[in-house]
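As written, the chains take the letters A, B, C, D, E and F, and residue 1 is the first residue of each chain.
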């Protein structure tokens, strides 16, 4: 139905299969990936914004979606979101614009839930 | 119906929404992006070819489509197009081949309009 | 029907069209691309693994699919596959995870043929 | 004498020359680049951290240095700095490690001023 | 003495060594690389500008230098050069600015010869 | 004296400082990075070749040097090395050529030790 549910379902299903393979490096890396965004000297919200901007300049829609989901849950406002977009577009260039369009589309889907 | 119309409609709709948010940096950047390809010391056509090759080596299908549309409107020939493809593939490597396939497919859709 | 057939059919059709255009550089580059993975000082299998890891860190799903197909035909095991995934994810970062999910999905489609 | 002074002097000198050329797009882009990091819905400090993580995953030492300088002036702590490093390395992979080493070296030069 | 001579000497010396190894793929690729920029449907000058913008958005100083050298020899003006810079910076983002500074520095060294 | 010693000394010194900071994610990531290249379903040598080709297409000289050092210690021949170079250059494009030149230069320094 929604692009949010589709994304999350596919992500959950395939991550489960990746973990099931029991490759030590992959399992530890997945575990480390989650820990990276926990509260620390910087709050979780800032870290999720860092993850979002990094995925935008590296231009990976799926990774952008993941961080958009977390940012949405953490109460990031649309004004804040657009300031992350602006940093991503200035640093990463107009090549980030198509990803910005899809990011906004996904954000609207999050709001419509 | 066509991949050309789909692309243009989605682009127009989402760009409108991005502009509506009134983020100063994003608005000015979008404006600057259009100005970049205007006639100057180099003609608009050369600049669109520059934009196309840049989007090919950065491997962004949407951005490639945008510049293909402009190139088509400016009368770029298929021979010229393939010479841009050849520069992109040699500089950017075989990783650009899948994008070249999709670029040609889009070009054919532009011709079929 | 299957994502494997879809991918291969589209690839074959568009490659034929690219070759038909008779751009010398493109034709030679396509030819060179095939030669790159032939047996030499390193066996073809190792070279395909090199092609796979390179396409993963450069994050190109289509190119990943192509090398997955070759690796599958050459008898690469799932354990070996996951060790390539682990190198790709550690070198290229978590931005490679979405591509790893899709790579595994494609591998399962290869197994299901 | 110091890598900080060297970097800043070269940057100032060459930026002046770029501005002197009077290319409208370049001038506006430089102006927009400065505006991007001003206080807004997100504080300047967060934006500089965003700029830093973006330049780390895109692996540009000079751009990293620029944002390290701003972060240092804004009172970012070493603990916060390392949390940005951790996001950059997890998202962008071990390919970011050499840049992390040089970033730390530059940070120490900032502290030694 | 000059950064132009240093670059060209190192390039010539190492290319000779690479060719001496007699790896068929590498030799053909080097040959193909030269052919890419020859006059065709697009003039050599346009192709060199394409090579320059591609190397700027991919952010490779050495490759930028090579194309700057060719552009200089072909009589590209500083106004044209800056329009290539503007496309590169808008498409590729502010991460290209440090490379733009070094490109201008190299261009001045070409002029000073 | 040698570029090999310079590289290794700087790497060791800065890695020590990074570890000393006691950031959990960074420490675990460094540890995981080493484990990635251990013997498994694929032998260590193959994994180092994978690491080398990945660092070449991502165009990071320091990371290339690190894997060249490991490959040299593991008895990789110059013929094998050039086949990795050929995969990297075909996949990643001529933008990898300057890194190939520097890689060969470093390999010669390893041989000269």
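The rule is simple: a residue touches a chain if its C-beta (ideal position, glycine included) is under 8 Å from a C-beta of that chain, and two chains touch if they have at least 3 such contacts.
All figures in this text were calculated on a predicted structure; none of them were measured in a lab.
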item	value
Contact-richer chain pair [A-E vs B-C]	B-C
Maximum centroid distance from chain C, chain identifier (CA atoms)	D
Distance from the mean Cα position of chain F to that of chain B, given in whole angstrom	36
Centre distance in Å when chain D and chain E are each reduced to the mean of their C-alpha atoms	26
Residue list for chain D, restricted to those that touch at least two other chains	25, 29, 32-33, 36, 54-55, 57-58, 63, 79, 82-83, 86, 89-92, 94-95
Topology of the chain contact graph, where touching chains are joined (line, ring, star, complete, other)	complete
Touching residues (chain side chain A, partner chain C) in the complex	10-11, 14-15, 17-18, 21, 23, 25-26, 29-30, 33, 54-55, 58, 60, 62-63
Contacting residues of chain E [partner chain A, same complex]	57, 89-96
List of chain D residues in touch with chain F within their complex	59, 78-79, 82-83, 85-86, 89-90, 94-95, 97-98, 100-102, 104-105, 108
Residues on chain F engaged by chain A in the complex (per definition of touch)	24-25, 28-29, 32, 35-36
Chain A to chain D touching residues, read off their complex	32-33, 36-37, 40-42, 46-47, 49-51, 53-55, 57-58, 63, 77, 79-80, 82-84, 86-88, 90-92
